[in-house]
């Protein structure tokens, strides 16, 4: 072909095709989080590995503790000051020590997990219901519909996410207070998650919608609804489920940043972000107030990222096995 | 990385010996599902200026064979044994760093797909001149002139313009010509052409094969022409080696191979190709089944499960590649085609098949 | 060459498929330029005949094949199949043609869904057509059923979300319930209940519609009993909980069930659906393409080789017992030894199922082997149409001749360099094709006239037609 | 050229859209600026007067057009709370943030490119595995945690570097950099990991391309194969992501500026959102949007520089 095929140039990296956000941006971020190369694919495929199960165990453990927190005897009331915990270093009594007004840091971390995990799971679930549907239909039906959807998503992505979150949370909260309710934070983070989730689902859909088995199904006389349900979804859901875990980690970080800035769920409710922020003031005297929540949050994020990444690779390879 | 490179001084070379001698070369890949015996004991010798056709289906190891000789395979999880001597110097098993001095100047390779073999973001000219400048220490202008001359010699019109263009501005046939120019740039004595025309249309295929042949004659270069198509090598190779499941099963001068085929696989392959001179709806003779799994190949002869001549012995004992009575015709078969044993084996199988059919 | 014209077409009454003056163009990005992929191709196929479409890459043969299937519909031109003008059909009417017209693709792996089993893939056509054809239902009942289904489905989703939030409140993650008034224990229970009823209704509607749930007397009895119980429970819970706006969905869910049961005949009359009959048919077809159904059914495509995958594709196309199959390069991705198996299989299937084939390939020898009539294409135009043996004996078009001579022959006696008049150069761009005859830029016989005037296809012998000003054979007047 | 013209029109359109949406968002949502300016429970008359003075009761669209008109003359309005021109505020606060973002980008690309190339070249080696593990860990540390850890370790425990404060470059370059080290590292850490893993993945797939085999078979030295042949075709997604990361970096600076007490644009945004000083927020958004749009514009041109295919496709268009 003496004339460059525009499709070729376009799909490679459609920076040329002109949006403000370039075509492959979100997909590229996704790739950056979970890389997969043909070389490691061959070997690391079959088993998920010990690390995977350790990460799963951490998550299951944390989720169990978080859900059962009100009922477990060893988790103190996170909002009650205890005399023996006042600025206390970690001990058998107070595993993560106590804060400057005598609240047990361990139980505050666990109660903080309730907030983080709930918001993470809820925002990603709702985000996928909305964004996933938009992305799936955009990637399948293409045409003007796709351009409108993706254009709208790009405009939303053009706002720096944290700035948008700050603005939304502040202005959705009652006047005069900076503290949002959990519902507000979930809503805001859902709104923020939708564009990325839509774009990723669309990318995954596109890669299958152009395969010949879809044409084959159409040749059999299958209707669009059936093709989406039977041919596309079974291929798109596994990688998206894996990505959902990574997305949860991202939402947890966003919630953390908001509450670090004092803009998430109202204090005294414990959140990881406000625990870290509080403890930061007295890092030299009582570092544990800040460092324990830091550690737990880090391990949780690591676990989500790792499990998501491994699952993604696992699904990827099954297919590459062709 | 300062590593010792293999260098050859022309005066030291013993021209009475073959250019390339391959002896019991094996390349195995260690994978999760087991050891893949991609190349499993291949031996041959190639004289200067001659063409060896290597024919096989996908998975027969023909491509791995060429990359293995050149040393272009990754080193991880690859086991290479056996010997490959180029101009008497052992090259098998050497690290890439040591072989780099030979690449381009002594041995070169033309790859299968011209669409992916050229760097998309580099000008065509630079892709040719970089090896000239690196290996032959040419200056910029000299390299450019040489590149233009090379492009002209491979039949590219307006070479002066072309050196400034990018690969995507050229058609498939033109790109393959550029690939050939790149391979020929530093005057190699041995050229591996790995399915050089598979990705091209038939009318362009003929042009490229002619070009390769012309260049080879002109430069007195030896060539290993790898293909899945017996038609491609029929008129162009001096000798042909037929590969099946990592092994050479038959090797002979081209005319001998076609006139007195000995291995049942070669015969079956020839018969299964639809031919233009046959009237339409001529029933094709098929090779039943599929190529063997290279991780756990069948006992005995690899081809036995699909072979029309197979006898009990074939399923147990593996035949080795041996020179037949003709002198230069080698084949690995217990019941070769065109011999009394072969005819007898075939007759027996056909009789058995008839009986089975009757019973059924 | 490469011209237009319809001289080679036969009387419409003799043919089963007829395409006239097909044009397919694609836009090149946003440049305003167009790829002229197919520019005025006319072909026809008789019942039981195999038409071979041959040409090099970029000649538009696959695009033509897809245009016949209306994937996508051609830019202009007409396709008539068994009296139906496909190019004039849309939506459901076009869909109804699909049972009679099938397609096999080049890439055996990409044309099978990697996540479905072979049994699933091959019975998919039956599942698709177990669903009744729309005209079987009145428009009103059909609309009512769809509304009921949609409401049932939506309420299922809504109820589920409601239930999740309710459960969340239950676990106490939300400490201030003030923000979440409706999400209480009560709300969770109601939400869950609505979700169950809604989902039940929606699923039943779909299941009945798909023929998964045969509408025999016994089946209907069971269904009605099951939903009777469901309805009673729903009323009881409704009474206990004191009602909720969401419960409006319940009647719709029940309506969806009833609509499904009443208006969806289980399976259409032509196809057996997914029951034991269907399973038998699938096994039969799998066996006939040379696969052992017992082994193959449960496996996924990646467990098979390319040749076997192509067999599966063929089986899938055969299940509906179509009249016509369009084979788009079905053997190009296969090894030579497997290629012969598939070619023979296609011939066998053609005889067994009384098929008509359009066989598209770039390899003239392959096309010749399977075809009764061959059409040679170049850059979106037809060059020559002839019976294959005649085509080989005396090619009338310089391009056909070059194509034949370029095929490497596995016989060292035929020296390739002995062939005269080899084609030079490459295919011109389909974005800006040459004027007049499109082949002239590479044609050894080209004259000035070829640039000015496009050759029209005309008869040069018994069933042989050529679009060339200077054909290689004598033209009878 | 026509292409660039088209692009500029597109960018201006996006700017309009973004500022208008911000305007709408800031104005439609509850909690007007008077609450912040006058406090809760201010008497109604004062509120009324304030709203009139600030034209808060005009239709949104009228106010937007007014604001745009002023913008054209370089006037972004005055802060409602501080009573100083918004443009003054921005010019005070912007340098620190820009410097921080620039250092972080330089540092992260400077580390990620060589590391990515090396780990792709030696894929699966000991080096690659450890680099990847570390990168994965960095991906999972939010920058506010990393910032806190850095302060804890280097300022509090080791006392090597100051924990807070900003010194302009012009005043004392050495001190400027000393104070910027920790914030820069905190901001860059996550980016390094993202960039490195991205480049590694793309490099690995490029290294498996045929044309790399050709370059090797030509006898080119490894260095040349990696840098001349493989790097450029592998850099597109890196470029794309680096461009969108500008948005993330702005978010990052908000947090980092808070931790290290730097008076930059990020902290200005937070403060003005808190106080509902909407003209300041609006001004910040304009700056951010312009920056974002410019970066994307540059990246778009870079694509064409890096890839001749895009260049030619555009030339045709």
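Here the chain labels run A, B, C and D in written order, and each chain numbers its own residues starting at 1.
Rule of thumb we're sticking to: contacts are C-beta pairs under 8 Å (C-beta built on N, C-alpha and C of every residue); 3 or more make two chains touch, one makes a residue touch a chain.
These figures come from a predicted structure and were not determined experimentally.
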Outermost chain relative to chain C, judged by CA means, is D
More contacting C-beta pairs: A-D or B-C? The answer is A-D
Chain A to chain D, mean C-alpha position gap in Å, rounds to 21
Taking each chain's mean CA coordinate, chain B and chain C are separated, in whole Å, by 38
Here the gap between chain C and chain D, centre to centre from mean Cα coordinates and rounded to Å, is 48
Separation of the C-alpha centres, chain B versus chain D, in whole Å, is 53
Each of the following residues of chain C touches two or more other chains, namely 28-29, 31
Chain D touches at least 2 other chains through residues 124, 307, 309, 312-313, 316
Within chain B, the set of residues that touch 2 or more other chains is 76, 168-169, 171-172
In the complex, chain C touches chain B at residues 56-57, 305, 307-308, 335-341, 343-344, 347, 362-366, 368-372, 387-389, 392, 402-404, 406-417, 419, 422-427
Within the complex, chain C is touched by chain B residues 57-58, 171-174, 201-207, 209-210, 213, 228-232, 234-236, 254-255, 258, 268-270, 272-288, 290-291
Chain A partner, complex, touching residues on chain C are 28-29, 31, 58, 69, 71, 95-96, 98-99, 101-103, 105-107, 109-116, 124-125, 128-129, 161, 164, 168, 171-176, 179-180, 301-302, 313, 316, 320, 428-429, 431-432
Given the complex, residues on chain D that touch chain B span 124, 209-211, 213-222, 224, 228-229, 232-233, 306-309, 312
Counting only contacts in the complex, chain D reaches chain A at residues 6-7, 10-11, 14, 17-18, 21-22, 25-26, 29-32, 35, 40, 123-124, 132, 136-137, 139-142, 144-145, 148-149, 151-152, 156, 194-195, 197-198, 200-201, 204-205, 208, 236-237, 239-241, 243-244, 246-248, 250-252, 254-255, 258-259, 269-270, 273-274, 276, 281, 284-285, 288-289, 292-293, 296, 299-300, 303-304, 307, 309-310, 312-314, 316
